[in-house]
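What follows is a structure written as structure tokens; I'll ask about it next.
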Amino acid sequence: MTTVRGFFLPRTASGRSSLLPDPPWHYSGDLLTVEYRTDPARVAELLPAPLDLAAEDPGAVALIWADWQSCSESGDELLDPVRSQYKECFVVVRCSFEGRTYSRCVYIWVDKDFAIARGLYQGYPKKMGSIHQTRPHPYGQAAPRIEVGARFGGTLAAADRRLAQAVVTLTGPAESNGFVNAHPMAHHRWMPAIDKVGPPALDELIESSASSFEGGPIWAGSVDVLDLFDAPTEELSRLAPNEIIGGYYRQVGVVWDGGRHLADGESGAPV
Amino acid sequence: MTTVRGFFLPRTASGRSSLLPDPPWHYSGDLLTVEYRTDPARVAELLPAPLDLAAEDPGAVALIWADWQSCSESGDELLDPVRSQYKECFVVVRCSFEGRTYSRCVYIWVDKDFAIARGLYQGYPKKMGSIHQTRPHPYGQAAPRIEVGARFGGTLAAADRRLAQAVVTLTGPAESNGFVNAHPMAHHRWMPAIDKVGPPALDELIESSASSFEGGPIWAGSVDVLDLFDAPTEELSRLAPNEIIGGYYRQVGVVWDGGRHLADGESGAPV
Amino acid sequence: MTTVRGFFLPRTASGRSSLLPDPPWHYSGDLLTVEYRTDPARVAELLPAPLDLAAEDPGAVALIWADWQSCSESGDELLDPVRSQYKECFVVVRCSFEGRTYSRCVYIWVDKDFAIARGLYQGYPKKMGSIHQTRPHPYGQAAPRIEVGARFGGTLAAADRRLAQAVVTLTGPAESNGFVNAHPMAHHRWMPAIDKVGPPALDELIESSASSFEGGPIWAGSVDVLDLFDAPTEELSRLAPNEIIGGYYRQVGVVWDGGRHLADGESGAPV
Amino acid sequence: MTTVRGFFLPRTASGRSSLLPDPPWHYSGDLLTVEYRTDPARVAELLPAPLDLAAEDPGAVALIWADWQSCSESGDELLDPVRSQYKECFVVVRCSFEGRTYSRCVYIWVDKDFAIARGLYQGYPKKMGSIHQTRPHPYGQAAPRIEVGARFGGTLAAADRRLAQAVVTLTGPAESNGFVNAHPMAHHRWMPAIDKVGPPALDELIESSASSFEGGPIWAGSVDVLDLFDAPTEELSRLAPNEIIGGYYRQVGVVWDGGRHLADGESGAPV
């Protein structure tokens, strides 16, 4: 009798082909964050029961660019960096579940397949996009240093359309790089029934956080540009900014090593 | 209370952002198929219980390139073709379940995110790849006509490495374009537990077929080239060809509109 | 003493590494054309001396999508189709030189490096873009047949921004697929001096045409959508449509086998 | 009479569409270098008259990965980083001209169109490729710090085939990051006649260097992996390594601001 191995598909006798290695997953990267307030009703649209709006500042949104290297425990991916490097742009809001405040990623675009698969496992609603973010560098005039006055741009496109762009100018040290993405994530994992009409095969509310974290100095910045664009299959621009909260820049190292089941979903079949 | 809609993530109030539209899904495309025999033990490695090797010709493998346009019932994607066109290369074997023969896709690479998501829903173990296939054209010398002597090449790469290449020369009409991919598919849908160690959140054996099909003339061909290459995260080359069965070319139209649950998986947690 | 060979760089002892094979170059592909009138002054801006506006209908513009396979005389590229397939979107106007009317490509985007290099050789001002065009197919509902009522979309993006999109619905047979791209091309080949400030190292007006041509039935169509978008490094939207002339669809086979010198340029150094 | 502007094609009334901005061009990036010795006869094959082999160590080769941001004097590209970031992998040898030693890039792959065009202007024989290089990062386990023991991988692919891969482990400080790429570049700029058979329209030997340079600490490293692969349209693997010289890592800032004509080419028409 055959035993197939591997954390994800395709599963084989050796497990070597799995699109995802076993966690823990390690990440080193740079985060460019813009926080702003939108109409809380637009946030509420994205929070199915049993989630509610966060009690305080319920319209707060974080739009985050991340330029990552990631790897498994072996670190093998780092020496074949096409399997390690990826970029993402994602939108986080907050919500409330059983009296506790959670962060929740409502939209996310990445540029590698392993990142898509990790996201589906973690409940991130990932799509492919083209994501770019200014990189700091210590030499030459083609990059900012990480210092007061440094300017960082982030752009996002998908399906050959630009969806978002932002520019942040660093103004000085900060105590946090935002409050919207600062809670454990509350995500739905979701897979429709193979017969299309039955109850979903997977509909689960899960909680997930970094299992360990380290980071460099936190920088605050002014948000000089924040544009969200409409597209036929995207609704990012419904989360229109009414008021800028702030911009942030930080270099971080993160480990992810699993989450926990919070509740069964109550979504029923696709409607 | 919010209702979120959409066949797949991200689910929103309108459902417009879903990476997948509701089935049925329509496909128009060209299939280039190479069938060959490998060591049946290598096929058996990819068939977890309760699946068994097919009773007849258990080492038969089909390596298939497909150049698709696909769309939802509305057909909107066809006029924004970046959302419609994709290519794939996939490997099919046969297996037996409860006395019936099924086809089973054991490896597959595609080049668009919606194709990845559809595959995970249907139990295809999809990764991203770079796939190319000679296109026929009625004019000029930079394409074969679909006729005796026409030569079609297919290539597959992933993670910046070539994984497979084949060349087929059409020899004449055929009655089928192969027997390996001719049965309903028996696929496992799989999602590990969010805590990594518990029983999988989704482990299901499903059956799926085209709900409707039309096709043009079927062509047989000689297989002039068939190369499978090794790679650190791929095991395609374990299915090494011992004997060529044949090559085929066909233009087809397909509709997919759901499948059915066959059995719960017995895989247990990742091992 | 070493002799290096090859039609283009990199040139080596064998010539095998050249980005371009020797002409003739063969092309098989599908053309989707939209013709319209813009302000002739906007066309004149793109016609340096000794070129003048065409005598008749000087504001006519053709926006053309092409989905190609191309190859050298050997045809080797067709069996390794990543080296053969490419798409392009280009803008053609007409001009007058020494009393004769020429076509002239003023903007063009392609998606492969060999196409960029061929273009620079032929005086096409090529950039990289992401180009998509609806493909016809004889089976299934995910493609139009080539018939009355068939709808074809074309889209163009570069640097993660959509630059153009069009939709054409076929209405019936036509006698030509447009008049704007129907003349020999008059192009400038251009290379600045290596010292930046001297006279250009190459500044030449050349003429070029297909050396042979075949094509299928010509289809006329209504232009249902024609959108040109602005971008920081693009001026396509300056050629704004004032009046639609028509849409066209045709499958063609083309051979290109060299052009001829018309005149030295008079452009002087970059200004 | 129309004046068209722009350093490169497409040239327009404003010059805004030019694929290249006016020099100077600024670069900030990381260099991973592997130096080795090949058969000097293989180097000689790539040195057309009037170039000769370098007098000392004529078989020395540098294989260099570079991960760049670049921009024009305005720096605008840095805030729209899809127009600023690119990667390259290139092969440098040395040669002798009129008694002076020059460096010469014989093969180079980049991943953006502006980099291709800059290269053709500067005499670099550029093609498109997929290039990846391990990035250092100060936090987390998914990146090396720049320190003894840090491991950096570089990979190169083109046309869906891997062409080169290397791994370097840092061993300590060094006085230079190699001697092969340390001279002014002697490059041929080349454009065949539009009639294919006449003398080339551009055939010029030029010299070019950085106009200014700054760099961080120089690191030497052991070369743990160096693989060059064959491909139908590439000859990189002819420069097979017989002996490793060393590996290097350095972060640099560079300005390029023009070169100078050395000699007319003597290549004659393509052969």
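All chains are identified by letter, namely A, B, C and D, in their written order; residue positions are counted from 1 within each chain.
The rule is simple: a contact is a pair of C-beta atoms (placed from the backbone, for glycine too) under 8 Å apart; a residue touches a chain by one contact, two chains touch by 3 or more.
Small disclaimer: the values here were computed from a predicted structure and weren't measured.
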Taking shared numbers over all numbers used, above half giving same and below half different, the chain B and chain D interface sides are same
Comparing contact pairs by residue number, the option in C-D, A-B or B-C matching A-D for over half of them is B-C
A student comparing A-C to B-C should find more C-beta pairs in contact for B-C
When centres are defined as mean Cα positions, the distance from chain C to chain D in whole Å is 29
Cα centre of chain A to Cα centre of chain C, whole Å, reads 40
Cα centroid separation, chain B vs chain C, in Å, comes to 35
In chain D, the residues touching two or more other chains are 80, 82, 130, 132, 155, 157, 160
Counting only contacts in the complex, chain D reaches chain A at residues 26-30, 68-71, 75, 78-82, 84-85, 130, 132-135, 137-144, 151-153, 155, 157, 165, 167, 214-216, 225, 251-255
Within their complex, chain B touches chain A through residues 1-17, 19, 22-23, 44-49, 76, 80, 82-83, 106-107, 112-113, 116-117, 120-123, 125-128, 159-160, 188-197, 201-202, 204, 206, 208, 232-235, 257-261, 267, 270-271
Interface with chain D, chain B side, in the complex: residues 130, 132, 155-157, 160-162
